[in-house]
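Presented below are the structures under discussion, each in the form of structure tokens.
Next, two complexes with chain A in common: one pairs it with chain B, the other with chain C.
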Partner chain A sequence: MIIIEEKLVVSSSPHMRSVESIQSVMTDVLIALFPAALMAVLLFGYRALITMVISIITAMLIEAVWRRKRDLFSDGSAAVTGLLLALTLPAAVPWWLVVVGSASAIIIGKQVFGGIGYNIFNPALVGRAILVVSWGGHMAGDIWPSPQPFAFGIDVSTVTGATALAAPEIAMTFSFSELFIGNIPGSLGETSALALLIGGIWLVYKGHIDYRIPGGFIATVFVLGAAFGGGFYGNQLMTGLFHVVAGGVVIAAIYMATDFVTTPVTPLGRLIFGIGCGLITMLIRLWGTLPEGVTFAILIMNAATPIIDNFTIPRQFGGVNKSA
Partner chain B sequence: MNESNVYLQDLSRGIIKENPVFRLLLGMCPVLGVTAFLINGLGMGIAATAVLVASNVVISALKNFIPNQVRIPCFIVVIATFVTIIEMVLQAFQPVLYEALGVFVPLIVVNCVILGRAEAFASRKPLFRSLIDGIGVGIGFTLALGLLALVREVAGQGTIMGPDPDSAIHLFGAGFEPMGLFGQPAGAFIALGLLLGIVNVLFKRFKIQ
Partner chain C sequence: MSMVFFKGGVHPEYQKEITSTLAIVKMPLPQKVVVPMQQHIGAPCELLADVDKIEKGTEVKVGQKLGDNKGFVSSPVHAPISGTVTDIGLYNHPLGMKINAVTIESDGRDEWDEAIKPAGDLDNLTVEDIRRIVREAGIVGLGGATFPAHVKLSPPQDKPIDIVIINGAECEPYLTADHRVMLEKTEEIVFGLKAMLKALGAGEGIIGVEDNKPDALRAMEQLVAEEDNIRVCSLPTKYPQGAEKMLIYVATGRTVPAGALPLEVGVVNHNVGTAVAISQAIREGKPLIERVLTVTGAGINKPANVQVRLGTLVTDVIDFCGGLKESTLKLIIGGPMMGLAQPDPDVPVIKGTSGILALTDEDVYLAESSPCIRCAKCVSSCPMNLMPTSIAQAAEHGDFTRAEKFYALDCFECGCCSYICPSKIPLVQWIRIAKAEIMKRKSK
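Up next is the complex of A and B:
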């Protein structure tokens, strides 16, 4: 006769439990963003730090007031939104612009839809889109300060220029290693592909993001850049690589296109989502009037997410095809 | 219910309980299209009110002579007549406003607020009540347009009484950089959405049904 030593617990589902919570995942994302934030401070000085702090505090305050909770950090999603927004801003933006952007990211991007889990669009990108449309003079054009590595006291707003994406002639003034490490004019967090990739690998290792979205996104940008980019930087493949490391593709692919709420849940859907983001980005970059199209690419694909999910529902194991 | 109470209800219903913009979401096209400046919004509201009152009265007076099968074309003909009159009046006496409103003046013909009142109220109710109803709904429409236009102009331009530089009052001084979003059509949707949310909260708070 077999005697069962341990008692079997009979209970209703769910049976699989995880120690992960929204708070722990968001903390992991913050950790993953740390290298990029550090690079931003190293390159653009104390102004970068001030911008990030203002953005995060505004986001957390607005969220706490809206939800009438004393807990400032709460589930951490507001801090992530605030930091992501700050990393997409130029180094020399005035403080009130950061406040308005961060507040509209939380209010219009997230809370009016019902808070975390219900928003249709990526909140940080909603904030950025509102800022671009409202104050184009601060957000685009020849306003990007040149980075001053390790010179924390220098006023970054003195020397400004266009980003590498503005024209091939400007792109050619930067070497490829500069583009990869991030020593180029651009948004705070987008310039350093290296720091972003370190955080991205950590997130994939922790299982928080699916490689399909960044993979599809970056591969599409590379292929289209190589095919239609114009072939500067020596040859076609290097032009493709240039389109990946210049501008916001890396930060967007790893941290924004992988937002848990606003992207598809099915594996195939995620691949389609990533490819769609890359396609729209390159359409705007190569044939549109704006130099960079990452923001609007992801927002447009966010809107398409329910349709993608609907058409990519995987077949149930053991199920049969419904006869039409 | 006594006589005056009915008229008072007809008047207030269009302003509050059945506000065409904030409660019924009718006539959204001019609401979003012409509210970049307060003057344009109010001008549009007043023009639409004039057409609404006149068409309500005429349709109510003719309701026994309009065959049921062709009532919509008959309403449209009446409304179009008054829109044409308003258009000519605006062109003659308010050319600047006429230019600013552009295509939205002739589009009053197909404004659902006016056709809706004709169909739902004027074609069934007595003449005087239709007149009061038209005034009430018109005031509600004008107030809503004015409110939205005020929000959009203050946030999007930093002025009141623009766009004419002579009459424009700058609220925040020269250093103010207006939020350009609200001057654009996308901002009209966002501003309207936020206002609708606030109005809904207020209605819930004061239990207006």
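Up next is the complex of A and C:
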């Protein structure tokens, strides 16, 4: 594409490029996840840190070996996948499970499709789904380690509690500030809506994620939770809010349903995608057999991404509507 | 200040401070000029060999017509210096091909053609007079598009024009020629606009200037304060604000339909330089034989805004500006977003040459691209609301029917998508391929 004649370079315009690269964007995502990772360590102690480190290093190593590249960090996408997967795991998860999950995420979730840009499903969620289906006991459907804030020496695997989503009577044992700040049983990174929101706002500000996806996702969960959640916590609106902050909706909506590669590129498509994720999540939560549904909601919507894009091609500037 | 924003766009580093405070300098007459027979969109000029005997050895004077074409969408070319025709033949053209051109060696006297004389008062000129003067003066769009100006002043009967916009956005990074023209030739711009308003029977004139040029805005505003049918519109600084459809949308709120010309919504756009040229053609009788351009970039030793005779070789202009630095890696005619990289500086300045930009190894991006990560930054930056990545992907697969379904033909190649792409995919390049292929199939 670039012709060099004698000394002058000739290439197609534009001749200026922004400084942004895949690596800089992925680094920004890692920075955005820092508050959530920090909260995980504060709430769940050293086990959280070990899980995150194992997951990130496994992901980067497997990717480097697969691509036969010496650059471990490379474009940063493997590190993001590794960290995201770790944040969806329970603190008490055995180390080998982290390795299996992280390796599955990179190999089955991403590299077999051709690497970055070509995968259909969110790699971190592919890894998580494999663990949930294969080692359900360790992934504890409704029993999670309880947080022990600032007690770094404690082995959280010995203190377990039920996820707030298990049943309304369990949900009622947590206050809303606990649900929002995150000192409730749950996976490492999902419990603190506060930490997740801080990173999310920054990503929207940087232009890396489109508010339509988390907006559509969270709004749908809220509406369906309010309408069909059963009205505990005093009133329907509070129940809707409960469904947003308890469980994995916030982390999924901000960091996983916004994964570039596996989500629509059109503005309308992104809104539909977010709403679809919220819808399936609530179908699973309210009427399914699992207490939580975000993983499969996003994976299902990932599969629908090409068709959503195809039916939501935006009208060009000055154009008249024509059916796709 | 306009409160309307166009969708998309990008904010590249503007780099205008290199030259924005430098007054226009007149380059001394060149020893030699090369005048291509095509410097406009439309039918190329034919050499006036028969009656006017433009051939090897002919003595020509400044402003004497060298070539013309009877076609309506065309524009004559004139001798920019006085001297002797030493060669007629194919010569390098900034658009990348070789075009028939007249080479004139200067006699150093700068003698003007006797036929050149002022046309008189604007009030005494008819609409037809103005159109004829503009055509005969060889005036084309000086912003870079080089569409013959008289054509834009002759809309069809059933398409009345009520607004004329003077484009002083100059949204391309680095370029400051229009900025300086607005500061130094303010009065001529307003006169040119009045002539256009008269030729079109339009009631309102708008001068659109990006708000990163506050001094130009002030200068313009002061001059039109007394004119009740002309207003200055401050445009938010965002590339490509100067693109016709974006400018019209922001300045008037009107949306030019896809695939249509601005006259569909009663608007005609002209660049500030074109307005000056029209003013000079009417008041001095002067055809388009020179223009102002910005010579800039880290590779230029002495950046400047220079007024040069058309046909001056880019090598001579660069020499006048202190020459190129050793580190120069890319030479661009035009701006960095839409300009054309040149393999060889031995090309003439033509009517549409708005700048000469020399980029060094530090500014030139040479690395390979990565796969698309579908971040959709190209989609959100596209001012035409297209899906550049999808068009590029279709083009890459050779599926041009699909590329057309994504409105490839509506792309005007502003380059925002390629600029913003974190994977550094040459999106515009793929879209150009798609457009060319779609047009080729359509013409079959």
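FYI, the second predicted complex is superposed on the first by the 299 of 324 C-alpha atoms of A that agree within 3 Å, B and C clash if a C-alpha of one lies under 4 Å from a C-alpha of the other, contacts with A are read in each partner's own complex, and residues count from 1 in each chain.
The working rule: a residue touches a chain if its C-beta (ideal position, glycine included) is under 8 Å from a C-beta of that chain, and two chains touch if they have at least 3 such contacts.
Because the structure is predicted, anything quoted here is derived from the model rather than measured.
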Chain B versus chain C as contact partner of A:Ser134, first or second or both or neither:
first
Checklist entry - First (chain B), second (chain C), both or neither: which does A:Val100 touch? => result first
Quick one: is A:Gly115 in contact with chain B, with chain C, with both, or with neither? Answer first, second, both or neither. second
- Answer with first, second, both or neither: which of chain B and chain C does A:Gln316 touch in the superposed model? second
One more residue to check, A:Ser21. First (chain B), second (chain C), both or neither? second
Partner touching more residues of chain A, chain B vs chain C, is chain C
Within their complex, chain C touches chain A through residues 6-7, 10, 12-13, 173, 245, 255-260, 328-332, 336-345, 357, 359, 363-366, 370-377, 379-380, 383-387, 389-390, 405-407, 410, 413, 415, 418-424, 426, 428-429, 432
The chain A residues in contact with chain B across the complex are 100, 108, 112, 130, 133-136
Within their complex, chain B touches chain A through residues 177, 179-182, 184, 186-187, 190, 193-194, 197
Listed in rising order, the residues of chain A that touch chain C in the complex are 1-3, 5-18, 20-22, 24-25, 75, 77, 114-118, 207-208, 210, 260-263, 265-267, 270, 309, 313-320, 324
